[in-house]
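As written, the chain order gives the labels A, B, C, D and E, with residue 1 at the start of each chain.
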């Protein structure tokens, strides 16, 4: 279905209109996101930026089909999203997203097996490659609880990338990684996005990372969170990092998000 | 005891000599850290820097008394560390360090109550202040599972700071926070460190954060990890961030850690 | 409800449907949401099934119908000692239950504090858990006599092992980070157990309490028959046994229905509410729809 | 071992002690580390306590000593049908146990998939769990006759409710993120249960299996006493009943000792090993020292 | 027709059934009547369970105490499930025993004593004790001793009485426990059920649905013939009978001991129920049964009515 729909390139891969998200609380429902609309074309990369607790993960979960919007619609390739599915692979923000009863390799091979796309040997092979790419070959046969925080995140990234998804939703995947590993994975991600032409929704707090990875930035703010602005950053590549133009955009975004004052964001 | 020892300022607050850490694995024990030595004077701030999975959290856990060194010694104020204790308060790397059965306020008040230092009303009051400082007043009466990842981390930071600890061990506490919140909390931390004169051991991946927060940086690398170098960065304050000297140090550290090459660190 | 819906914690709030559907939909949804209504529906369905099965078998001496049981229940409650028997049994049950839970908590606390005690507890559990109450009878007589003490012993035996097992498993499943947090604040021994392990293991402990409660009932009813009861002072088990020997099966079922009623009340008024206001509220256990 | 040590996963590796201590220390530590040795020690201590208590009471008709029981055990194993009785009971037990666990898994799977079934299961559990087997006997006879089927029914009744409860609690405690991961890969229905919920809930399920196993034994022995030899030629319960009627208390205890022995073997050769190679290995449950 | 399912419980009183089983007497008498009969043997414990099995149609011939029989007779009278006695098994006394030298009569029991009974309040033993109490203490005092009776199965009660290590100081017993208990010099008899009821008592009877006899007259006939033959054979061959008991029941009791209990002068094997009417009267009087049989013949099958029962 994904392939068939891809040909109808007039339909956006993802489209949200007037999205609002509520959570049940003990008293009344709490609105955390309101009136968010965006469309993402095939192969595009959208980055969500916003203060801690503003609702980025919630939007991602709504796209993934885990949270039902309180208002508005989200559609993937023209079809309203009614639940989760393997066309929208998620890298969660949490460290405990690896299944503790599977070795790292089996964790990475798991979605490949579940989708019945690959045979056992093939799945293991692809998992091994994906783990090598994130520098986890040494612990391929370990269980998740013996890994450091950053290693767990890398394994989750490898698992998501190995599925070669149609749409990839990543929630601060690089937050626990050192500068070098982060840079390597950013490069890998950009390269894979080109190669596999997948659509990426990415949440991050690092504005430079946002500018580098995103073709478009969606800045969120307020309470409940609404879109503050949308920026086109498709022109930046790895080489531009540190350039004056790049830095200017980063500063601009920072100002838009935090209007320069010392302030504590909603919480 | 902590107060009494503080007067013997000749004894370092923390001293590690030839520290090595092993983990039991299914086959043989795995050495992850070797021959690490350092001393931290009272009120000093030591930052551990190193690639993902190199053993920073393990060292922190050894200082906290959760992991027994395989070789070498660690002493706090001259006494060998035999187990965990409230003189060394830890902010863990994990999101699930809040106790799910307590509201955010009660979570922050918990160590104050447990230490029998404060009465209930006082503890709640101090918790409320600490939460206001990290921007979490709105969710003071919520339970942890309703918080976003960054909000959980902020609550954990508030909890640790509210205890006014003698030694504070922080494991990537700001990783899940947006730029502005991060900067605010860095400032708060530096101010509190001055005011309360506590000793800080801090793990981070952000080299600029390390240079800003640390009075001394301990760079780790290799497999098993050994100290690569120690840097004095006590001269930098918030105002220096972005200055040429500051950026030079950041670049220098980056080169020492990752020797400029694209590489994947041990994993 | 579809599969996918299961993963939704946030409930839909807005709906745009035709008003005709709306009323019906609202009623149905209200029913689906109301915990009590759904439980009542289940109970009514069960009662109907019972009535039909009994009518079909037409063997009132072995299997009285729901309505026969109901009238026997009211009659026994009015003219016989059904209610006072039930009260007596409840009293005994609560004593034995409380005693057993306390003993089990002490054992499990010891086992978490002293490694060797863990071996002792696990071995004791493996030994005593499969032993039927009847095996204890001679020993109980020898050491505790024929009165209440022996009955309590048997009750405690039926509760203490399964509950210890559940509590120990619960304690051992407590996430590493939460343990470390407790240790970090200097908690040890009983304070550590009380402030960290117990609340963190509450879902398992509640499930253990439920199983233990049920087994306490089973054992009490069964052992009021076997021993320890002087005639004339027996509880619900004795009521059931007497009527069973007199082939007054409708009263036997009325006695059993009393057990069930008490069980349902305890389940929904105690365990369920505790669950709802603790582990579900804390996000430690998936919430049912209430 | 001190409190604080409990939180150490990493064991000390290096030691610098005088050689004199070293040998002793090594021996003691080896003992402390060897799972089997510690369990054996517990068993030996219990046997000694038993022997002393029995000698003190000096009432072999009610409470034979350990050595008397031991010799009765060997004698019954050689000249009587103790072992074949035990085999027969085991067979029955395994049948009933397997049946009950399968039924419970189906019920719990339904309950996790269809919300209304969750209400049904919880209500059924609250109703049937506290009912003693005796309440089922007339019904069992009415529907299933005097044969094996009735015995199995009673066995299933004793196992299915507590195990369902444990499994359901286990399922509901599965961390949210792991559920979401499973859903994200498109797992629904049985595949979701099998690939995500079952392994994630394994600690609770193992604890439920243990409790269920013990209660299956208890119930089997107790109902073999009532059902006698109607089904087959009578198992261990019947062996115990016969010898009890002949006032051969040492053989009664030998029969009970057989129950215990089988229980210990199953515990240490099956449940313990499963635990060690699954949940403990996966870091889902704190490891004991082995 | 052609199938008979028989249930028995534990004890020497069921010896006639053991003999029938051992010597295939039902099959033999069936042949004589011209049919092939298959017998199915069940062993259950407890009168209530036996009644359940009978009423649920799982057995044809039930063996249980006179008390459970009268109850089921009373409840089913006039219904399709009506039951009647096929035959008694034998007369055996139930003895009240004590291990306290100070206790000579019922009046000597004090509050600190405990009398063990199976199913206090409702069992045959319990009824006997109530009748005896009434006789000794006067009418209206039947339940005076109820407060010191405790429910305890015979084996535990016997073990408790013999060991003297428990509170039990009295036990309304039956065979073979009472013989075992009396072997202990500390234990002596206070009364026998024969004294209480004024003659020999058959505490246990075999009964069947009236419907069974109607539907299977020949099978039923074969069984009653077999029962008569077995009863007669036991009287003539006590030693062989004792051996049969030990063999069929796989009992570990010494043959000599069983033979000794069989040869007690008080023990006779008879198909006619004895003193059953007195039980019925008592149960009716205290309201345990609603129908008052005019004669013992009201609740036995035709075949038995010519016997010298009571």
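To be clear about the criterion, a residue touches a chain if its C-beta (ideal position, glycine included) is under 8 Å from a C-beta of that chain, and two chains touch if they have at least 3 such contacts.
Each chain and its UniProt protein: A, B = NitT/TauT family transport system ATP-binding protein; C, D = NitT/TauT family transport system permease protein.
Remember, predicted model here, so these are calculated numbers, not experimental data.
Asks: Skim through the chains and flag the pair connected by the most C-beta pairs in contact.
Replies: Chains joined by the most C-beta contact pairs: C-D.
Asks: Among all other chains, pick the one whose mean CA position is farthest from the mean CA position of chain B.
Replies: The most distant chain relative to chain B turns out to be E.
Asks: Where the centres are mean C-alpha positions, what is the separation of chain A from chain C, in Å?
Replies: Here the centre of chain C sits 45 Å away from the centre of chain A.
Asks: Can you give the whole-Å distance between the Cα centres of chain C and chain D?
Replies: So the centre of chain C lies 19 Å away from the centre of chain D.
Asks: I'd like the Å distance between the centres of chain D and chain E, where a centre is the mean of that chain's Cα atoms.
Replies: Here chain D and chain E have centroids separated by 40 Å.
Asks: Averaging only over C-alpha atoms, locate the centres of chain B and chain C and give their separation in whole Å.
Replies: 46
Asks: Show the residues in chain D shared as contacts by 2 or more other chains, in ascending order.
Replies: 3-4, 7, 57, 59, 62, 138, 141-142, 176, 180, 183, 225, 249, 281, 283-284
Asks: Using the touch rule from the top of the page, what residues of chain B touch 2 or more other chains?
Replies: 23, 65-66, 83-84, 94, 96, 145-146
Asks: For chain E, jot down the residues that touch at least 2 other chains.
Replies: Residues 52, 56, 156, 159-160, 165-166.
Asks: Applying the document's contact rule, which stretches of chain A touch chain B when the two form their complex?
Replies: Per the stated touch rule, the residues are 23, 25, 50-53, 55, 57, 93-96, 134-139, 142, 146-151, 154, 172, 175-182, 184, 187, 205-207, 254, 257-258, 262-267.
Asks: For a test of understanding, state which residues of chain B touch chain C in their complex under the given definition.
Replies: So the residues of chain B touching chain C come out as 64-66, 83-86, 88-90, 92, 94, 96-97, 99-101, 110-111, 114-115, 143-146.
Asks: Where on chain D is chain E touching in the complex?
Replies: Within the complex, chain D touches chain E at residues 57, 59, 61-62, 137-138, 141-142, 145-146, 225-230, 234, 241-249.
Asks: Show me the residue ranges of chain C that touch chain D in the complex, using the header's touch definition.
Replies: 1, 3-4, 6-7, 32, 38-39, 41-43, 46, 57, 59, 62-63, 112-116, 118-120, 122-124, 126-127, 129-135, 138-139, 141-142, 161-162, 165-166, 169, 172-174, 176, 179-180, 183, 188-189, 192, 203-204, 206-207, 210-211, 213-215, 217-219, 221-222, 225, 237, 240, 244, 249, 252, 256, 259-260, 262-264, 267-268, 283-286, 288-289
Asks: Would you pull the chain E residues touching chain D in the complex into a rising list?
Replies: Touch list, chain E to chain D: 10-11, 41-46, 49, 52-53, 56, 58-59, 154-156, 158-160, 162-163, 165-166, 177, 180, 249-253.
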